[in-house]
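In this document, chain identifiers A, B, C, D, E and F correspond to the written order of the chains, with residue numbering beginning at 1 in each.
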Amino acid sequence: MMGRGILLGGIPGVDPGEVVVLGGGVVGAAAARAAAGLGARVTVLDIDLERLRHLADVLPANVTVLHSNPCEIRRKCVAADLVVGAVHRTGARAPAIVPREVLRMMKAGSVVVDVAVDQGGCVETTRPTTHSNPTFIEEGVVHYAVVNMPGAVGRTSTFGLANATLPYVRALADLGWREACRVDPGLASGVNVAAGRVTHPAVARAFGLPLTPVDEALANGDA
Amino acid sequence: MMGRGILLGGIPGVDPGEVVVLGGGVVGAAAARAAAGLGARVTVLDIDLERLRHLADVLPANVTVLHSNPCEIRRKCVAADLVVGAVHRTGARAPAIVPREVLRMMKAGSVVVDVAVDQGGCVETTRPTTHSNPTFIEEGVVHYAVVNMPGAVGRTSTFGLANATLPYVRALADLGWREACRVDPGLASGVNVAAGRVTHPAVARAFGLPLTPVDEALANGDA
Amino acid sequence: MMGRGILLGGIPGVDPGEVVVLGGGVVGAAAARAAAGLGARVTVLDIDLERLRHLADVLPANVTVLHSNPCEIRRKCVAADLVVGAVHRTGARAPAIVPREVLRMMKAGSVVVDVAVDQGGCVETTRPTTHSNPTFIEEGVVHYAVVNMPGAVGRTSTFGLANATLPYVRALADLGWREACRVDPGLASGVNVAAGRVTHPAVARAFGLPLTPVDEALANGDA
Amino acid sequence: MMGRGILLGGIPGVDPGEVVVLGGGVVGAAAARAAAGLGARVTVLDIDLERLRHLADVLPANVTVLHSNPCEIRRKCVAADLVVGAVHRTGARAPAIVPREVLRMMKAGSVVVDVAVDQGGCVETTRPTTHSNPTFIEEGVVHYAVVNMPGAVGRTSTFGLANATLPYVRALADLGWREACRVDPGLASGVNVAAGRVTHPAVARAFGLPLTPVDEALANGDA
Amino acid sequence: MMGRGILLGGIPGVDPGEVVVLGGGVVGAAAARAAAGLGARVTVLDIDLERLRHLADVLPANVTVLHSNPCEIRRKCVAADLVVGAVHRTGARAPAIVPREVLRMMKAGSVVVDVAVDQGGCVETTRPTTHSNPTFIEEGVVHYAVVNMPGAVGRTSTFGLANATLPYVRALADLGWREACRVDPGLASGVNVAAGRVTHPAVARAFGLPLTPVDEALANGDA
Amino acid sequence: MMGRGILLGGIPGVDPGEVVVLGGGVVGAAAARAAAGLGARVTVLDIDLERLRHLADVLPANVTVLHSNPCEIRRKCVAADLVVGAVHRTGARAPAIVPREVLRMMKAGSVVVDVAVDQGGCVETTRPTTHSNPTFIEEGVVHYAVVNMPGAVGRTSTFGLANATLPYVRALADLGWREACRVDPGLASGVNVAAGRVTHPAVARAFGLPLTPVDEALANGDA
């Protein structure tokens, strides 16, 4: 059987597991809270000092927050039973902050869960897996890198997604797309194409097309 | 895919799962603490009022402790996403306190983990499963009833077992079995056969042999 | 006697009460924390996802935060022993998000405390009551909707109000009203009338008078 | 209006109330936990050091446990906003550990809730009150001393009482009273009269009748 | 021996110490959390109501947050066993908010730790001390006012300082100073002199030299 | 300066200290709670499995409880920043469970606080020190082994001692020594000499005198 044979939370008298969470955003904080709730000793690494202070304020006492750098990542990963990759860069590929040589130093049977797999993964050895065949072993470390992890808990995910998107749907329905975008610049920044012109910088760049600022497109009434 | 698609701990904005733990002993309390640590809403049912008071003192705020009776068991199970069977009777078969008709009323895709399976299970529909084929569905409910569940976390279990038994091993090694049993009546009560005579009531009963009280066997020096 | 005969926090062995808090602002969060502190199972509903995440970070484990919508409001209210209405819209009437037909489905003897009563209430059946005659029953539900609830704890309220207003008083005393308003646009936005002209949009609208922007009034030295 | 105008839990910026709980048994611990849950600063006084250590282990951080003596009782009561009398002596009148001269030193409008009223009260000035007329003022202190306080939450109390007594009822029904008493000395100690003879010391003493030990009555088959 | 002979956290049965923290910023919050973690009863005073609400959300239950004013400062200090001065004004001397007459009313042997000593101290009687001779007594109160307190825990301080400054060092190394300052106005605001001209208002004022806005200096390529 | 320059509780971004507590009795549990309250990562080692379960129930989440054995003691001590020796054997010398060779493997500047010093210490290198000269360095480890440590907090200790002994004093005063000892066998077991005869086994052994059982001495009225 794969794995280290460790109950993450331990039992009275026996050491709990060591969990390392890379990235302290929404995903990383939730992972840290869950692992800590089970009883593990948890470390969260992030580069944003203000975020670390906030996490130190609100996460349970068995979570330590550390400033992330390659040295600390290596030091913590080699002692870990479970590493959770939760690094995220808006609109960009996740950086592979755990290189293969760190994987080689990790304990045999330890586990990597790379939640960043949908953005390419933040562990060098990550490759996408599926819900039906979720894991593989590389350098002696069990990798779980299922694409679309939230799909495993479809009901909770669906409600969560609906909660996050419904306000926009409602604004579109109530105001029409143009007025909704005028009222909410955040929504406007998501418009890719309007009135036949490309309004999103990344799309324009990707296709080599001219970019029309979205404000300009909104100002015209010709959509 | 089996299950209800629910993340037990929920996410901000979406309901967590309802977990029901039958039995508030060491196993049940640990299960309740883990589920609560993940963020679920947990109910522990037990018939021992003093134990309930203790659990109310030490378990997290999202655990409710209830006096167990058939009515409450049914009321709670039909609303549950996960039922953990952790009923234990020393040296006896676990009582099947969740009858099949309650299973029929449970939500489709809900899960039963019957930790009591090694003592016959405390859910009527339980039948033993294995680590390689751990679950089956009956009445629409997913059953997990792996014999020797601690085997899944072999390292933690082994240390835990060693911690619990080592004091006896040490006493046997230091004092010899006879003196060790004299000093510790708890150890003596575990002697099955001594000097050719059966000293344990259950063994004597099972084989229809005469019973020699263990004290008497210990008093004689002829082992 | 009115009510459901329930101790909100329950006792070991007996279910606690279900408390639903509508609105997760300062008032709703305080209500949720108090009810959770007593031992109740609490749900807070709000439409602001960022606020829900914050509340999930800082409120006790026996508080669940849910994204508010008419469906969830009804589902939660009909199971509640106590509903606290703490919805607030700055400078506007509170929306009546609990309609009478939900009240009709609620348990007999359950209680509504509509803290929003000073802004018209967020429960359709709310009508203002007084400290000397604080409750009435409608649709079988006990309503508590005392105007000026903080008046019941006059000492705490007075200190709280002083803490919130004293910085403004001090600025007015130190700088004079005009300079204080220049330094602090927040204070300026509260000016209703200056130099004989109406400077507040709502006042101008209410009385059909011309509006002078407060900046303009402050710029002139003729007050 | 009676009282000190204080919200027990305070609000951010304003001091919470000071709550003193006399007696750290089941009632006192529950009162302390509830008051602490609301946010008050709580002190529990008890004379049993082992119990104090347990309470310090399990009660929230805003509860202080103190060894009780007349000096500490006075020191704490005079600074209190709320005093909860939860002293209990099995089968005996509660001692009046808060004398009138301490009441005189208490703050005007402070409150005494004497839960011990059913055993005569543990505050010298206590006299029984009713649910319909629950309070009176003496020495400037509001007294709440309703006889049968649990009656105010009839549903929770009834379940709680049933949980505590049902095991005995079941034993009586399964075994008959005589066998049930033989099996459970605790039950036997509650028998007042058997086979026409008084078997309870307090009853015998109260009526000047001869006492038959309950064991003797149980041994005879003539009931 | 100096001091009041008090274990800050108390022991079960004996009152803990009273700790007063002046200022609820990063330092004050950390001090409050540590003292509360030891078991003391802690009060934090600050003038920022939003900050008080945040602290009330995240600090342990044995911390009370109070709106600061001279009256509350005096009331709390005279009852304190330990006062921590953690008041900070960016770029300015700390205000001496605890005057000598309050010191005179404090309990003999109580302790003041004035963390603000590097900015002049927030207690009137503070004068700088050293790690080798850290305390003095004035008005019967023990003062600890070591300059550079973090030096006592050099390893932790060094890592902390590196974490806070490394992002700037990295930006300077990657981009050069000019570009780094253009990208990050926060970094630019720390430039004192550029291209032979003074670019920092406080430096210009202190030396009576003309001030060149830093933007202007950055715009020119002549550095 | 001695020590490792570590703030036990760490700061957001920097690792906290590792604290190892040897012995989970009253002293060890209090030390663990205090260190955990400051923010350190704490491990308590004890040989009593029931006690470990209790500690796991009541201590903060950043405390791990481990079954003690020489292997775990060494493994934990060599990684520690602070080791607290709190091993106690009633009426006997504390065992030296940390041998010198473990000290040699510990980190330079780490600290041992041997609370067991009054019973000979539980660290091989311990020798008694005083409040005026409290520490020494051996094998590169700072030792704090002050005889009568509670004397450093005389007020709290005195109250604590009085709380623990006052019930006996009161019984002696109310009943006389003979009756008090008859009522309370615990008190009787502390009688060393009665009516000219030695009644305590250890005293008899130490002086080679005949032992009179205390019951016998109490039965006679000739004291």
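Following the convention adopted for this analysis, contacts are C-beta pairs under 8 Å (C-beta built on N, C-alpha and C of every residue); 3 or more make two chains touch, one makes a residue touch a chain.
Model, not experiment: these values are computed from the prediction.
Identification of common neighbours of chain B and chain F yields A, D.
Copies chain A and chain C of the same sequence differ by a rotation of 120 degrees once their CA atoms are superposed, given in steps of 5. Repeating the B-F interface with over half of its contact pairs identical by residue number, the matching pair from D-E, A-F or D-F is D-F. Centroids built from CA atoms put chain E at 35 Å from chain A. Centre-to-centre, using mean CA coordinates, chain B is 53 Å away from chain E. Residue positions of chain B with contacts to 2 or more other chains are 10, 13-15, 36, 39, 49, 53, 58, 67, 159, 163. Of all possible chain pairings, those that touch are A-B, A-C, A-E, A-F, B-C, B-D, B-F, C-D, C-E, D-E, D-F, E-F. Of all the residues in chain F, the ones that touch chain E in their complex are 1, 4-7, 9-11, 13-15, 30, 33-34, 36-39, 131, 152-160, 163. Contacts from chain B toward chain C in the complex involve residues 10, 12-16, 36, 39, 41, 49, 52-53, 55-56, 60-62, 64-67. For chain E in complex with chain C, the touching residues are 47, 49, 53, 57-58, 67, 69.
Here chain C touches chain E in the complex through residues 26, 58, 159, 163-164, 166-167, going by the rule given at the top.
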